[in-house]
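Okay, so subunit A shows up in both of these, paired with subunit B first and subunit C after.
So, the complex of A and B:
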């Protein structure tokens, strides 16, 4: 290569670095490993906002999506509320249950939130904070995917998207119940 | 209405910036001044519109307009007045507006100062400045719109991140951003020089002061950041090599290198290519830093993960690097050195070595910061690079830099004679050796601490020697002593401003050494009335008090501190914010020149009968802040307009 030509390699030197940074987008910092993944989901018995009892143990055999949220959490919880409702309607007949656990909130604000978004899946307050401690949540929103045998299979930190829910739920639905 | 106005202003500003950038470039190519004038008007318009955006966002914060998502996310009804204003730049969207505003302000000042003086370069400088502005306005309008609406409108907002409720947060981002955006100016001049082929000294002379201004703010921002970390975060440290800190530190290192290498080009016509590369590197690093902190690609305690913005910054970084390096390659032939290095023992080589070390430091910090990403990409293993790596690699480099700080300013240009060396360095070296013996005798046995302190004394001695000599010359000419000293600082403000900065760095080095080598801490649980002791201090737990503040609940412990006599009562606390999962620590401390007493409240019994407290005695930390003040004062002195030498 002549002396005049090699200087054009200078700009190219920046390319590997830029490629590395671009790679960074493929890594999802929201997929946080949890020591609970693969373990039986901690059980809970809560009372939903509509006063019906809500226990996790009674759901064995269904795929359960447990979502921790709060009315003061936005934009994230506001973004994912319609997503959750949509998924619930799409999957309820296929043996999927979405459970909302409202943490560190006032009952009025939470009920307004449920009304505003027209949420029809069961939602319950966690008045003592025990459930969120058992699940080791970092913050809201945070979502756990539980398989038909009652084991936590995935954890998602931050707002859900349709794709994320679909990917996890379809995978768990495809597994045999036994 | 208000949000729509803000959004509209941003869009119009984007259009103006794009037109201005294009018009200035066309004006330069075709030699039509009317086009350049039009670009200038566009820049003024951009400044006015961005100012309006900032004001409108501030207004939305002050009036609690929760229909604006950004306001709802970063304030609530309990947020005090001051923090509603600082909340404007408390998160991503608003900080980009502040950033853009500062950039527009710098553009305005460039127009005012250089429209006559920089004839050839000026249109291209405008093009680059407006081009960068257009990018940030694109981010405001597309990727991170601060005026986006929120439905349904909540009754109350989420509130600012409690850690940001601190006076340091009013000034820290402002200083840091003034530094970051200020570095755009030298970059614009460097680009203009490459485009026009006028790669001589003109662009350098015009941007030197700009670089010092940006460097001044960047230093200030870093120091305030350290102070914030020390007195708010409650871990007793001031620097953690966190990616976000590194993001600000890397351009500081390369800008420091540039400020030194400029002198060689001015004196010896060397290093033209290197200087241009440094400016490009520095600007690239500011963009990289923003990418890092805004894209969520690298995990950090204070990085915010935000959708598409990372891709925007990466795209822009790509554009900037490829264009700038491409221009550099294009002008390669014109960038040959005119001077040559005469001897290894000379000021040139001292400065060169200083540059190599600064850039090496920047590189190691860069490497450590992106290593987790590299590891995941190549080996699929998640790792984290912590303080030990950064310290191990950087401490020797920084020690070398301190040594050069003593050598560089006094050694002769071209080739230092044995006589020159003896005259300038014999005294300081002997003083340094004596200091080492003195500290060793005093009981300092850590080799690193002795070395650092001895080097510090050596450099201080060179500065004192130089200053004393110069004063003596003036005094011989009949000037009284004090006016002679003042006159020196004023007349040769660049040289002596530099010396004052060096003194500041030395003082900071002493503070860092002391805090690393001699700080002690203990953590213990105390019943009411019980005491613990550390390093001659006795700390007694008195009681706990709870109080309701405007936007949080606070539990404070009262601890009496004494060292024989009672020094006072410290009240470290925990603050419970309704929107936060875990409480925020509120540190209490007693600062001193020799050492700080620093208390952090841990767990406590609800009835107030027992509390866990972390007690630290941090040595010499105050000197870091004092050194910071000296350093910024020196930079301030160097910024002053130069006065002609008296004949």
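So, the complex of A and C:
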């Protein structure tokens, strides 16, 4: 090979590496797609703070919004709590259930949180963390949208907004129940 | 006070024992749990394994690892349980297959290519003085003069 070709070969060899780095540094390492989207939602049987049993299987036929939160999750969980309550009130008569799962928390702090925000949708602690691991959660807040056939259709990481909930819930409500 | 502590301890024990109601199918050692947990990324930490992290989430994950091993699952099945929920991201070292092979072998390939380039350059540099060195460009008169002068210095 001529010397001229060699001179070009070395910088050319660096190009794929640079391309890889350019791609890698643009990707947010915290945005990891959940392998659960499109799959049946893992079932759970929890006991709500008001001592009523709360199972996912019993909700088949409804659109379910499962929200993982904690009272120490400031400010994101504090921002979205009123949003969740608002959505729950707006959609409860249209076959939508909002379920709050409180993780890595103390019962007292969680109950104070529920009182402070006047949350009226069912909330349950996950003391062993099994439900949060079953859903592959990284932290709080994280929210899963489950369709009427019991499949996870979307996951939202971070605080919810009215628009995000509306978009997901309306889309799932528009689908036929069968 | 001490009696109350004993009471609380008994209560905690009772709760723990009742929680683990189905007797484990087999005894699992701490090191077996550690081995699986060391493969898993602690999801709430930066670059720590579930085995090394002091976080609550990692502690709960270690309990899940132990329970699954005790229930008779193989270490690979336990790891797969986490991969199914979190994706391969949960693994601290990517699996050696498909696109991931690039991560494993690209550094080796880069080192090999680098060594080859170094070898070629070293050979070229060491050969140059013998083949096209400055010696032939000396005219005979100059060479003679150098010889005389170096001899005179001895």
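Brief remarks follow.
Going forward, the second predicted complex is superposed on the first by the 146 of 178 C-alpha atoms of A that agree within 3 Å, B and C clash if a C-alpha of one lies under 4 Å from a C-alpha of the other, contacts with A are read in each partner's own complex, and residues count from 1 in each chain.
Going forward, a contact is a pair of C-beta atoms (placed from the backbone, for glycine too) under 8 Å apart; a residue touches a chain by one contact, two chains touch by 3 or more.
Small disclaimer: the values here were computed from a predicted structure and weren't measured.
In the superposition on chain A, A:38 contacts neither subunit B nor subunit C.
Note on subunit A: of its two partners subunit C and subunit B, the one contacting more of its residues is B.
Once the two complexes are laid over each other on the shared chain, residue contacts for A:73 go to subunit B alone; subunit C is not touched. Of the two partner chains placed around the shared chain by superposition, subunit B and subunit C are both touched by A:104.
With both structures placed on the common chain, the touch criterion links A:13 to subunit B and to subunit C.
In the overlay built on the shared chain, the residue A:135 is in contact with subunit C alone; subunit B does not reach it.
Contacts of A:23 after superposition on the shared chain: subunit B is touched, whereas subunit C is not.
In the three-chain superposition model, subunit A touches both subunit B and subunit C at residues 10, 13, 104, 137-139. Those residues of subunit A lying in contact with subunit C across their complex are 10, 13, 32-36, 42, 104, 128-130, 132-139. Taken in their complex, subunit B has these residues touching subunit A: 69, 72-73, 150, 152, 154-156, 158, 288, 291, 295-299, 305, 310-311, 314, 317-318, 321-322, 325-326, 328-329, 332, 370, 373-374, 376-377, 578-579, 581. By the touch rule above, subunit C contacts subunit A in their complex via residues 43-44, 56-57, 60-61, 63-64, 82-87, 89, 113, 117. Listed in rising order, the residues of subunit A touching subunit B in the complex are 4, 7-8, 10-11, 13-14, 17-18, 20-25, 27, 29-30, 71-75, 78, 104, 109, 112, 116, 137-139, 158.
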